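Below are two complexes that have chain A in common, paired first with chain B and then with chain C.
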Partner chain A sequence: MLPVIWQGIVTGCLYSLGALGLVMIFKSSRMVNFAHGALAGLGAFLVYALTAGGASWPWTAAVAVALAASILVSVLVYFVIAPLLECSDTTATIATLGIGMVAQGIILWQFGSNIFRLDLPLPNVSASIFGLSVTLYDVTVLLVTLAVVGVLFLVIDRTRLGISFRAASTDPFAGRVCGLSITRVHLFSWIISAILGVIAALLIVPTTFLSSTTVTTFMLQAFAAAVIGGFDSLPGSAIGGILVGVGCNLFSFYVAPELLNSFLLVFILFSLSCFPGGILSKRMGSRV
Partner chain B sequence: MSEPLATPAVTAQGRPAIRLDERLVPLGTVLVLALLPAWIGGGFWLYSVSLLLAHSISILSVSFLFRFSGEVSIGHNFFVAVGAYTVAILQGLLGVPFLADMVVAIILSVLMGLLFAWPSRGLSGIYLSVVTLALSLCVPELLLHWSDITGGFEGLFLDSQIVSWLDSETQQYYLALTALCVAVFAIHRFRHSRIGLAILTARDHPHAAASFGMTTGSARLAVFAVSAAIAGLGGSVLGFTTSMVSPNSFTFWNAVTLLVGSVVSLYSTRIHGAVFGAAFITLVPQILSNYGQLILIIYGLSLLGAILLSSIAMPAIARHISRRKKRYV
Partner chain C sequence: MVKQGAWGSLVPKSPVDEGIAGQGRRKFLGVAAAVMAGLMSVSGTAQAENLPGIDVANKEVRVGAFAPITGPVPFYATINHAADAFFRDLNERGGIQGWKVKYIVRDDGYDPAQSLAVTRRLVEDDDIFALVASNGTATNVAVIPYTRSKNLPVIAPSGGSPKIIAQPHMFPLLPDYALSSAASAQYALDVLKKQKIALIWENDELGRRAKFGLELFLKSRDLAPTVDVSFDVATTDLSAQIQRVAASDAEVVLLFGSNAHLASALRAAERISWKGEWFAPFFTADPSTYELTGKLLDGVYFSSWLLPVDSDREQIAAYRDVVPKYYPNDRLGVFGLNGWSAASLFVLAFDKLISSGQALTYENMIAVMNTLDGVSAGAADKVTFEKGDHRGTRQEAMIRAENGKFIVAQDFRPYPEVVFKTVAK
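Coming up: the complex of A and B.
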């Protein structure tokens, strides 16, 4: 049972990264980005195309190019979405579905529906600690997640940009009165979200392989994690990711791996019923 | 998003503008659709149009949800599947006549809709969207899991005959048309009923609606249940027109396609709007069958285009025109 939980924690970290990206965008602009998975998948495919499939660039250069490309794409997407955001949040949310379809369509068009193998450039080393086999991959995932989350929370807590992000997410109108550029805050959250998405996608791919659907379905877990955190709490969604990871792993090991999505549905419904404001909310009750 | 209550347009001189009676377009659409089989005969095109009508019922349910509660669902393939499989199972395994199955399918869809909308009734709309995302992804795996009832990958076959003296193609077509008309008419009456107006008030002015007993939560539940009922109706009609149901027609992408149709029809709850949306999603793949892998990109771009056009370009043009008019009067 312990190895199952350990693997759940490792993948859960990646769900947290995905969920953090969703929550960043939701906090700053009150919309859900359904294109998150597909855009992150696009980044992972770019890395694949630059390293294993075709051009054999060094891994670091490929990742740098993929990150830069996804930042560029997310800025572009934001400028398409931004005028819709002034009309209604729901309209902007539907528009992200359209963008997700375009991204998914580009993946299918360029790479087909084949399954690719993309391994991280890590030596295959594993150690046994208390009867638990820990590979270098697990350690890398944990370290990268801790580093990324630590830097993110430092930025949000300490820098001017982070303070303006918190201000804009608490009360955008008051922020604008104080002279904040809401566009800058939105761009900040979209860029951070794109970076988190690509990192999560690259780290999840060695376990699930790379195909046009893996990263998109991986994002359902991220959505579940975000819902457990209440969709507007960064620490809540980080904890939610690990809960989802452990829960999913236990479910697919002991019950039925083919019913994973149904398990997630029940998980989401359960957490909405028991913690409507998120797992870390102080007061219970509904927000209308 | 808000529909203005029907007020006759009045020009600056104070006399009613000369304009088309707005009932003319839907009535004309129904008339054209009723006479269509006589023109195209039968075969593949009649089947395509029957399928189109079945899809337009499902699109109607998505549009209804957006219009009446401002929520977006990407899980309506679930309710369509509930409708289709209920009919197929009841007819195939238990031998219940089709029209009775339809009623059961609708009731079952309503119950499912209430069940899945209940946990997020008091929360903002995005929670419902996430629930529907999970809902739509778990449809195929549930269908495959209970394959001894649902027939697994192969699916189930239906008997598309209600009366014996008419060929099944014509029956499929006219059943789909009747169901579509009933759904559109029901939505129209609902919109002008007391409870429908209360629900619309709950969407636009939650506090005013709550003061006479219609809370946002109950309005949401009611709208989602009605929307699920329409989707269930659409599903049962879809099963009837295709004479078979299989998990392939109820995937996540089918739900997204329904949403694309709804957006392209500008969330219209009129019959011509729904038929236009369905025509878009059924004809585009057929016309562009040579560019199969580009379908997703085209869908995505047209969804984006329709949204940008309807919420940015059209209001801007309308503002421009009204400004010009003021200048001359």
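Coming up: the complex of A and C.
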């Protein structure tokens, strides 16, 4: 059972990263970015094109370029979405579906529907710890997730922009009255979300390979993690990711892997029934 | 060339039309008779010229195929590219006893409903003599009623289903996957001396047939799979399935899915340090699989009706030489070899039909196909068809991946009899 839980934790870390990207945008602008997976996939494809796909750039340079490009794309997308966001959150959310399709179309146009291999530049090392096989990839995923989540929480907790983000997400109207630039806060969340997306995509493709659909499919599980976390709680979505990873692995191992999607839906329903505001929500009372 | 039937459909039939036409009917009939007599006098072989798909004057035979040029699996069209390259090369070298082959490929987007429309167009507008290497399993199953009603020969459709094998007008090379899984298990038991076999199977026709064949074969040896675990075709991570295999204490795993699934499973096994013998379906014995897996593929076995693409056989060397001339962007591999073998099978049978001196009709082509006995077609060996038994491929070789190449680990051997007989039923 221990290896199953371990693998679940490693996969769960990736779901957490994906979920954090979705929650960042939701917290700041009350909309769900359904293009998150496709845009992250676009970043991963850029890394592939610059490394294994032919250009043979150093890995770090390729990742830096992909991150810069993803930030640029996310800023552009935000400026396309912003006018719609003023109409309604739902309109903007639906528009992200279209943007996701465009991103997927660009991938298909440039790379076709083939499947590609994109490995992290890591030596193939593994060790047995208490009968558990632990690879360098597993450790990397854990460390990168911890580092990214740590930095993210520090930025949100300690920096001026982070405090603005918290203020605007708690009460946008009050934030605006106090002189906060909502556009700046929105851009901050879109850029952080893009960075989280590319990191998650680069960490997941060594196990799933890279195609026009793999990152989008992976983000569906991340979406479930965000829902379990309450969708507006960053710590909740991080824990939700681990719960989804471990839960899915245990279910696949002991029950039936082909029913995994059904399990995920039941898991979401159960979780929302028990914790309507997410797993970390405080019980709220109301006066009559 | 336009068939008489096509003209018939254009003649007005309504009473109004007949009334107008009635006034000049005698005149019309007279003119028609004169034209017909003129045509008959020009050529004494009017009967032969009306044969579907045959242009006697230019010594040309037209064949066609539907292929997923667009849609979810455009790389499957590599099959038809290779068949096309075969025909074009053949034409340049003089054709079949002077006969040239015109190959018409139309896009169906891998949509069975489109395949039917495309086939209808190929038969009624393009006027083809046969379908050659029509692409896909579900798509070929979709055209069965129509092609059967026309008695159209379907040569080497690239789909593996018992429904295709059961048709009197279809001559598949692809075997039922039940046979491949049984052949793999036989090799694991008798050659590798392993007893504990697990199965990971794609939850569709491909995987279901593999499961059926494996269970049937193991039952004949009083054995059963240690575990069988399925996955959905959209699944990209097979970690959970590999955990189940590892927990079952299996020594051998048969994986029936795509090359991406095989690659994902090999990765997952490496992550938990599970070691065992691997078997996969023939179409994954392709250089593209190596691109995904790297060295992890070394040692994997493939029960295959096709010889490997690296083989020294003359027909396979010709494939490696010719296809890049016409389709330089296509990867050389199993898909192309499949189309190459399909075209080769058609040419073999058409040559035999010409030599027999019989009329070049659908019926006679089907009759000739039913006489092929133990022939080599491209990369396939000992292909046999007889009336009522269209299991074209009756044996498979065992291929092993080694240092980036695919080598023959065991020559062609008949399928395990217990499964072969059951499939025939």
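We take it that the second predicted complex is superposed on the first by the 283 of 288 C-alpha atoms of A that agree within 3 Å, B and C clash if a C-alpha of one lies under 4 Å from a C-alpha of the other, contacts with A are read in each partner's own complex, and residues count from 1 in each chain.
By our rule, a residue touches a chain if its C-beta (ideal position, glycine included) is under 8 Å from a C-beta of that chain, and two chains touch if they have at least 3 such contacts.
In this text, all values refer to a predicted model and were calculated from it rather than measured experimentally.
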- Query: With chain A superposed, do chain B and chain C clash or fit?
  - Reply: fit
- Message: With both complexes overlaid on chain A, does A:3 touch chain B (first), chain C (second), both or neither?
- Response: second
- Task: Look at A:32 in the shared chain and tell me whether it touches chain B only, chain C only, both, or neither; answer first, second, both or neither.
- Result: first
- With the two structures laid over each other on chain A, which partner does A:87 touch: chain B (first), chain C (second), both, or neither? first
- Message: Touch test for A:101: chain B only (first), chain C only (second), both, or neither?
- Response: first
- Considering only touches as defined above, state whether A:118 meets chain B (first), chain C (second), both or neither. neither
- Query: Does chain B (first) or chain C (second) touch A:258, or do both, or does neither?
  - Reply: both
- Query: Is A:217 in contact with chain B, with chain C, with both, or with neither (first, second, both, neither)?
  - Reply: both
- Query: When the two structures are overlaid on chain A, which partner does A:208 contact: first (chain B), second (chain C), both, or neither?
  - Reply: second
- Message: Taking the superposition on A as described, I'd like to know which of chain B and chain C A:133 touches: first, second, both or neither.
- Response: second
- If you count the residues of chain A that each partner touches, which comes out higher, chain B or chain C? B
- Give, as a whole number of angstrom, the minimum Cα separation of chain B and chain C in the superposed three-chain arrangement. 6
- Doubly contacted chain A residues - partners chain C and chain B: 112, 217, 258, 260-261
- Query: Once bound in the complex, which stretches of chain A touch chain B?
  - Reply: 26, 31-32, 34, 80, 83-84, 87-91, 93-95, 97-106, 108-109, 112, 217, 220, 223-224, 226-227, 231, 256, 258-262, 264-265, 268-270, 272-273, 276, 286-288
- chain A residues touching chain C - in the complex, by the definition given at the top: 3-4, 7, 11, 112-117, 124, 126, 128, 133, 135, 137-138, 206-209, 211, 213-214, 217-218, 248-249, 252-253, 257-258, 260-261
- Item | Residue ranges of chain C in contact with chain A within the complex | 72-75, 203, 229-232, 234-237, 239-241, 243-244, 247, 259-260, 263-264, 267-268, 270-273, 288, 291-294
- Item | Residues of chain B that touch chain A when the two form their complex | 1, 66, 70-72, 74, 116, 118-120, 122-127, 129-131, 133-135, 137-138, 141-142, 144-145, 206, 216-217, 256, 259-260, 263, 293-301, 303-304, 307-308, 311-312
